[in-house]
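Look for chain A in each of the two complexes below; its partner is chain B in the first and chain C in the second.
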Partner chain A sequence: MLYDYLLTWIILSSLVPGIMIFFLPEKSVRTRSVLNIFGSLVKMSLVIVLLVQVYQGANIYQSYELLPGIQIELVSDLFSLILAVLSSILWFFTTFYAIGYLEHHHSRSRFFGFFSLVVTATMGISFAGNLFTFLLFFEMLTIVTYPLVVHNGTQEARKGGQVYIAYTSLGGVLFLTGTVWMYVLAGNQTFAAGGFVAEDFANHPMEYSIIFIMLICGLGVKGALFPLHGWLPRAMVAPAPVSALLHAVAVVKAGAFGIVRVVYDVFGVETAQAHGLLEILLYMASFTVVYGSVMALFQDNLKKRLAYSTVSQVSYIMLGVALFGPLGTIGGVIHLVNQGIMKITLFFCAGSFAETYGIKYVSKMDGIGKKMPLTMLAFTIGAFGMMGVPPIAGFISKWYLGMGAVESGMTWVIGVLIASTLLNAAYFLPILYRGWFGTFDASISKKLDTPHETLRLILWPTVSVAVISLLAGLFASLDYSPLYFAKIIGMLEYGAP
Partner chain B sequence: MEGISMEMWLAFSAALAFFSLFTWVISREIYLAYGMLFGSVLLALYVSVKVLLGLPADTVSVYFLPGSPALVGFDSHTAVLLAASSTVWLLALLHFQRFESIAREYLFTLALIAVWIGNMGAVLAITPELFYTCFSIAGIAGWGLIYAAGSADQRPSSLYLGYVIMGEVFLAGFLFFVGANESGTFAMLLAMLGFGVKIGLFPLHASLPIAYGNARGLGPVVFAGALINMGVIGILRFVPFGSEESLVVGIIWQLLGAIGMLYGLICGMLQRNPGALLGYSSMTQMGALSLLFGAALLTPEWAPTLLMGIAGYAAFHGITKALLVLSADQMRYFRRGESGHYLYMGVLILAGLTLAGLPLTFGAVAKTELKEGVKLVGEGGLTYLSAGLTALSFCSLLLMGRLFQNVWGQESDEVAGKPVWIPLLVFGITAVFAMSWMFEHSALKTFAVSQLYIVYGAMLILFTFGRWFQRQSCLLPAGDFAPLFYDSLEALYTRIANSEDHEKASSNQIKMSLDRDDFYRGLLDAEQVYSKSWVFILLFGLLGGMAVFLSLL
Partner chain C sequence: MNSAAYLILVPMLLAPLSLIPGQISKLVPSALYVGFGGFVLFQNVGQVSAPEALFMGGWDAPLGIALKMDSLAILFSAASILTWALIVLHGHVFSREEKNPNLRFFWPLSLMLIGSLQAIFFSQDIFNLYVTLELTTLCAVGLLVLQGGRTVYTAAFNYLVSAYVGSMSYLMGVGILYLEYGMLDLVLLGETAEAGKSLYVALALMIFGLAVKTALFPFHFWLPPAHANAWPPVSAMLSALVVKGSFLIIIRLLLGFYEHVSWPFLNLLGLMGGGAILYGSIHAIFHPDIKGVIAYSTVSQIGFMFLMLPLMDSVPEIALLALVLFTLAHMFAKAGLFLAAGNIIRWHAGKKIDSLKGVSNRSMASMLAVGLTVLSLAGLPISMGFAGKWTFLQAVFESGEWWGILGLLSTFLSIAYLYRIFSAMMERPAAENNKPVAPPDVTRCIAEAIPVILGILAICGGFAGTYIAFVLGGA
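Showing the complex of A and B:
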């Protein structure tokens, strides 16, 4: 009984606390914190139960009929588990971080209410079993993220919010149109391994190709594919925990996750490849990888530099999928996880620097490592991971992506990887150099009243996610590691041994 | 002792290295840390010598990153290069108290131990992931050896790191191919570039003179003797010599090697810092080896013979170069007339002559090994290789002459031209005549006599131009053109940091326009360092090297 409705429970575990938080008065900090932490703990436990169930072979599936012929379907395949596990674990850490970070901010009930809804939407996206369910949660994500982006209420924040909503609504419209057209054409929407339109494709190649492009562009807005990425650097005005969630698990990941779903479970990777659709994705992703890295070079604002880095890194996921081969798939899927862990580390650190010393610009970061050694160490691990230095998680992604490129004979992609890695080094190393070896500007004073380098609620989540990104690389070869599941997914898609 | 296998000894060695790192981080007991490091190096030397003497050693699987088991073990080239590397480390560690004190001792020691761990791992690693990891650890930790010197000038350490990262990224690209069991022209090119940074292949050579010239303490010894050979072992182990698509890369590799020999000679002659000079000398030596790597790609059937000779030569070169760097450094601590001064001078001269491959020296033996392969290839049509080796002797002798000139004059301001070539001449001529007198073998006699011309030629040049070189006030900085890139990039970065008006940082437009003046300021500043004549000389070297190579083809 419990297991049958497990997926619903998981979604409710953040929806219910979220709604309850809205009704809490601003002053009841303790109740709110307890609700938040309780919700995230319950969710994490339930997701782990689900993981064990699925591993033991249970096939958990639920559907609710909304309108005749239109169903909300929730499934738990391996791929949905990857996003669910990632976001529930990272949400857990972000909750603590956000409680510490927002200690002296206004409108916290509003913030934490929407915060929980964002995770609800992300869970819905990961368990969505058909295009309609996906669309539902995808749009919900757009709406509930907006109040978080504009949370600070400054003019800059509102401007950022406007750009965000403009871009994502456009994406939403494209995705909606694609979904409806697909429904009309195929009469079916349920995700299926190998794609549910694979057989019908030959009957309407033109229409399906247009639908493919519409869906990819719709999702590509959230996934920050060039030229649809414009909102992401602007949305960095949001508070740090929001940026962390946005970049690591929620919005950007939803886009990337959706693209992978569309390629594998809607069209089928073989069909997409056979009709040259993957090639479009490959070129878009490759260009975005290099473009994001180049743009990151020119940013002095730390969060903006990280935002462009996300633009570049998330496209690795699409790149892996577009490489058409088991190794590329493993690389793409594993990067979904690894990029999340590493990027959340970096954003936690950026928020920590800003909150503790008011440092927001790379050029002001001189010597911060001496004042905040643990935070800077976490940042270093995240940055080296992004560059692909072994044994951090990012190395695993790059290793499989590179081998995937060779395997599929697209050796020019290696050139893309090389260029991007060099650029990563060029925009991350100066930060590390300043942070560790610069001289701290004595006129900058600490904003927080704490004997530690920063509030413990900010410090420990940061250190924890940094340790996780190290462990995800070191123990990648163990069973139950993210790589293990990515490998199974790669095998399932291509039927390789 | 009998029951302990080679693998166990190696495991002990690795464990000691990690303990040393741990001890240093926890306790900062320098003698304890160095003692353990010494033990680790000693064990590695013991194992490699045992294996060289014919003891069997299997490959071992160690736990490592992604899925597949990582292997460490010995192949036909490993033992000789591990023996050479650990000898160099031993040599350096034995002297550790004799070096000047380091500004940032904590970082230095940390980096030093990490470099050893990476170095040993890279020599032994058989699987590409493990090799790459160890190779990067050693390369990046090497930055610590330069940075820890505490110099106010950040250019050397940053440039070194930049080059290392560039090399590692190319290398990663190549190892993707190895990991996926594929090959091809592109893969070969990546291998050439990736390892090229480590072995100083033109035009990626700048990290060698920069590292040798700016690291402190036993850093330069380790760079010169051990780290350069990581590149060689990587090439020997992972480049699929013998596949047919590699003709283009073979020719490019030879061309760059030939240019590198001449370019290294010219830049080296313009150095005052013995370390930087020796860095360029390594570039020249590795340029010659690059000729042979190219040849191995062009004539797959002779590749094994060539590669065996290359492994031996690289081992010899590492030890000799380490001796040169070490003695040039140690001589600074003695006044002329003290016995230590003469001791290290003697070592320097001997090692220098050995490096030039003069008869009766270890260098001649190492070169004879090389010539075996070259002879075979020569019969296959690549006749210019033996000319390449002769040119190498000539270049090395000139550079060594210049080195003597530098160290001889380094403690006094006296411009020393004469004392340099007299001992060289005497030693060279005696050696050559002794050689031809002792051996009746005609081939050896021819070899000895041909060496005589080289000695005479080099002497003549040194005699004529020696004073001129010493007088030049404006000499080339270590890394020739690399500091120029650095200055330009730095101007660019400063510009970026200032370009965002922080008040408006998040306003609508993303500002990335560059002020051309700022961008080129680096170039203009550099004019004081690079007088125009040197630019012409370097260009001449570049074109000359190309012309010589093409004419040989």
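Showing the complex of A and C:
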């Protein structure tokens, strides 16, 4: 019973607390926090149970027929596991962080209700076993993140939310159309390693190519591919925990994850390569990598700089997918994990600076390292990771991406990687320099009443995720590390022994 | 007598009882009917594969009046009684703070209304349909004028006149068919009628009349003022239930005369539907009032239902499923949204969209109700409206009728106007919003819970797609 419906339980473990939280009175902070933490603990344990089950060879699968011939399918393959593990761990830390961060904010029941629904949608996306199920949860994600983006309730928040809805509904409709068309044309939509349209592709090359582009563009809106990324910097009006979750595991990651699914499990990487579709993705991704980094250089607002950095970094995932060859695949898949951990660290820090001293701009960050050394240290780890400095997680990604580029004979991609690394350094190092070596402006006073550098509920999650991103790099070669799974995926997709 | 007749007659007989003064005598007849109706439908839903026909008065067709319990009728009947029950319960608690003495007619009129709607759903006889249509209109207008006031009387007059024109047109069509074939039974007519000038003229007249009654663009002008200005539970009833009656007759006519109706006819209806989507949506996007937006959204959504009709030609089964899903989703969601709007206007904000600021902070239930119903109306997953939209797109791609892609335009437009309501609620509370937060008493709790229940129905109905397809397949 437990094992048969395990995937449903995992989804319910955040849906049920979410719904309960909606109906809690604003003042019952304790009940709400207990529900939140309990939910995330249950989810983490269930995900661990799932891992053990899958390791023992169990095939955990569920389906429900929603419309004639249209199934909701939940599966637990390697891709699902990677995203599920990542998001359940990061949700756990973000829950604590959010409880601390929102201590003095308004409408917290609303916030935490939707917060749990976001994680529900993310879990659904990771377990989705066919395009239809993916679409359901993907759209659900759009809807439940909207109230979080506009949570502050200001005019600016409303405008940001409007841009967000405009972009994502465009993407959603494209993706919906592509999915229906695909279903009618192929008569099937269940994800399968090697793709399920591989054989049928030659019969309708034109139609399938259009569908591919529709799906990629639909997903690219969330994955912030240029020129569909415009909403991301605007959505920065959201509270920090939301931005962190949005960038690390939820919206942006869902887009990237979807592209991974479409290339590997819908079309099949070999079919996509043979018909020149991967090339389109490669050019889009390469351009976005450089574009995002260049734009980040010019942002003074710290969160916006991080947002453009996400635009660039998430395209590494697409880049890895588009490089035909197992090493590129490993690079892309591992970056799915690494980018999540490092980006959440950076956003936690940014939120912490803003909440503790009201510092939102890079130009105001002089000397913050002396006041908040641990937070600044975490930021430094995250930033060095993004640049690809060993032994932090980001180095592993870049290493495999570079090898993938060589393997597939696309040496110009190495140029893209180097350019992006230099640009990363150019927009991160000044922050670090200011933070550690600048002089703190004495007129800025602490907004929070705490003897520590910041609230402990904000500080410890930040430090923990920084440590995780260090560990993910240091112990990458161990069995059962994210890299281990990425390697298996790489081997499976290319049929290598 | 068969059970369909009970479903129609019982509420008519119960209606006078609800005029007895007192809270209990108002609610008991409705409650009795809901229990009874649920029982009857539950008994019959198992037998969908063998529709049961009844010939009233012992006369066989073509002379007698046939009532038939087929799957389409059972689905619409069950959904309408459920929605109606929730609306009436809401009306019951909502009326407590009202001083308006006319409201005592709300209960008998709504009982008559649901009875005559059941007659529409179950009738197989085109003249009997005319009678029930008239009865529905009279009840609807009666409900509308309960609110009182000059705007409402003007709206009611326009409603009455347009409905009358529609009925006359329909009746003329019926007359032509009767003169030509000497029969009124829909099934028999469908079997015997031959394509020809008289059939086309008759069908055109009937469908024109029904389109006016369903408020299809450009005959929609009477709908927005009526629906936007009625007493909130009445708005819900008009928008969610009444327009579905005449629309179901159109579906029945198309199914009955399936072999004789050719594509230009259907495409014209689809084209008008497209016009309705554009016209209704654009008005909804710019309308300053909450209920005005919702009323124009009904115009647009009705347009979408008509837009699906041309697909009945090439892929009838999927198209019918899409139609049923979409129409039922609209029933639940629109009822919920109008009731939620009524609650919000009474307890939390003003009539204007701009006054909605901070409602989500004041009432979580209202926010959830609006959120859930809006999801379904915009056709976003996971909801019944989405199931309808998905099936519609599937029909479009399977039939190769590429114009159907334009239906996606309606998704954008509906997101645009529904977004206005929801996003306004999410803003910071306006300082001038001084409505005191009344202590949540039982009355208000029930009134705020009912739209949430309707919203949940509009969402969960999406999971019943396979069952509905199965029930329809048995027809």
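Here is the rule we use: the second predicted complex is superposed on the first by the 497 of 497 C-alpha atoms of A that agree within 3 Å, B and C clash if a C-alpha of one lies under 4 Å from a C-alpha of the other, contacts with A are read in each partner's own complex, and residues count from 1 in each chain.
Operating definition for what follows: contacts are C-beta pairs under 8 Å (C-beta built on N, C-alpha and C of every residue); 3 or more make two chains touch, one makes a residue touch a chain.
Worth saying up front: this structure is predicted, and the values here are computed from it rather than measured.
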item	value
First (chain B), second (chain C), both or neither touched by A:184	second
Which of chain B and chain C A:350 touches, first, second, both or neither	neither
First, second, both or neither for A:50, with chain B first and chain C second	neither
Contacts of A:139 with chain B and chain C, given as first, second, both or neither	second
First (chain B), second (chain C), both or neither touched by A:245	neither
First (chain B), second (chain C), both or neither touched by A:403	first
First, second, both or neither for A:68, with chain B first and chain C second	second
Touching partner for A:421 - first (chain B), second (chain C), both, neither	first
Of chain B and chain C, the chain that contacts the larger number of chain A residues	B
Residues of chain A contacting chain B in one complex and chain C in the other	none
Chain A partner contacts - residues on chain C that touch it in the complex	321, 358, 360-361, 364, 367-368, 375, 380-382, 386-387, 389-391, 393-394, 396-398, 405, 408, 411-412, 415, 419, 423, 426-429, 462-463, 465-466, 469-470
For the chain B and chain A complex, residues of the former touching the latter	63-68, 129, 132-133, 136, 140, 147, 158, 161, 165-166, 169-170, 172-173, 175-177, 179-180, 182, 184, 186-187, 190, 493, 496-497, 499-500, 502, 505-506, 508, 510, 512
For the chain A and chain C complex, residues of the former touching the latter	22-23, 64-68, 70, 106-107, 109-110, 135-136, 139-140, 143, 147, 150, 152-154, 158, 161-162, 165, 169-170, 172-173, 176-177, 180-181, 183-185
In the complex, chain A residues that touch chain B	156, 159-160, 233-234, 237, 295, 297-301, 304, 327, 361-363, 388-391, 395-396, 398-400, 402-403, 405-407, 411, 414-415, 417-418, 421-422, 425, 429-430, 433, 437, 473-474, 476-477, 483, 487
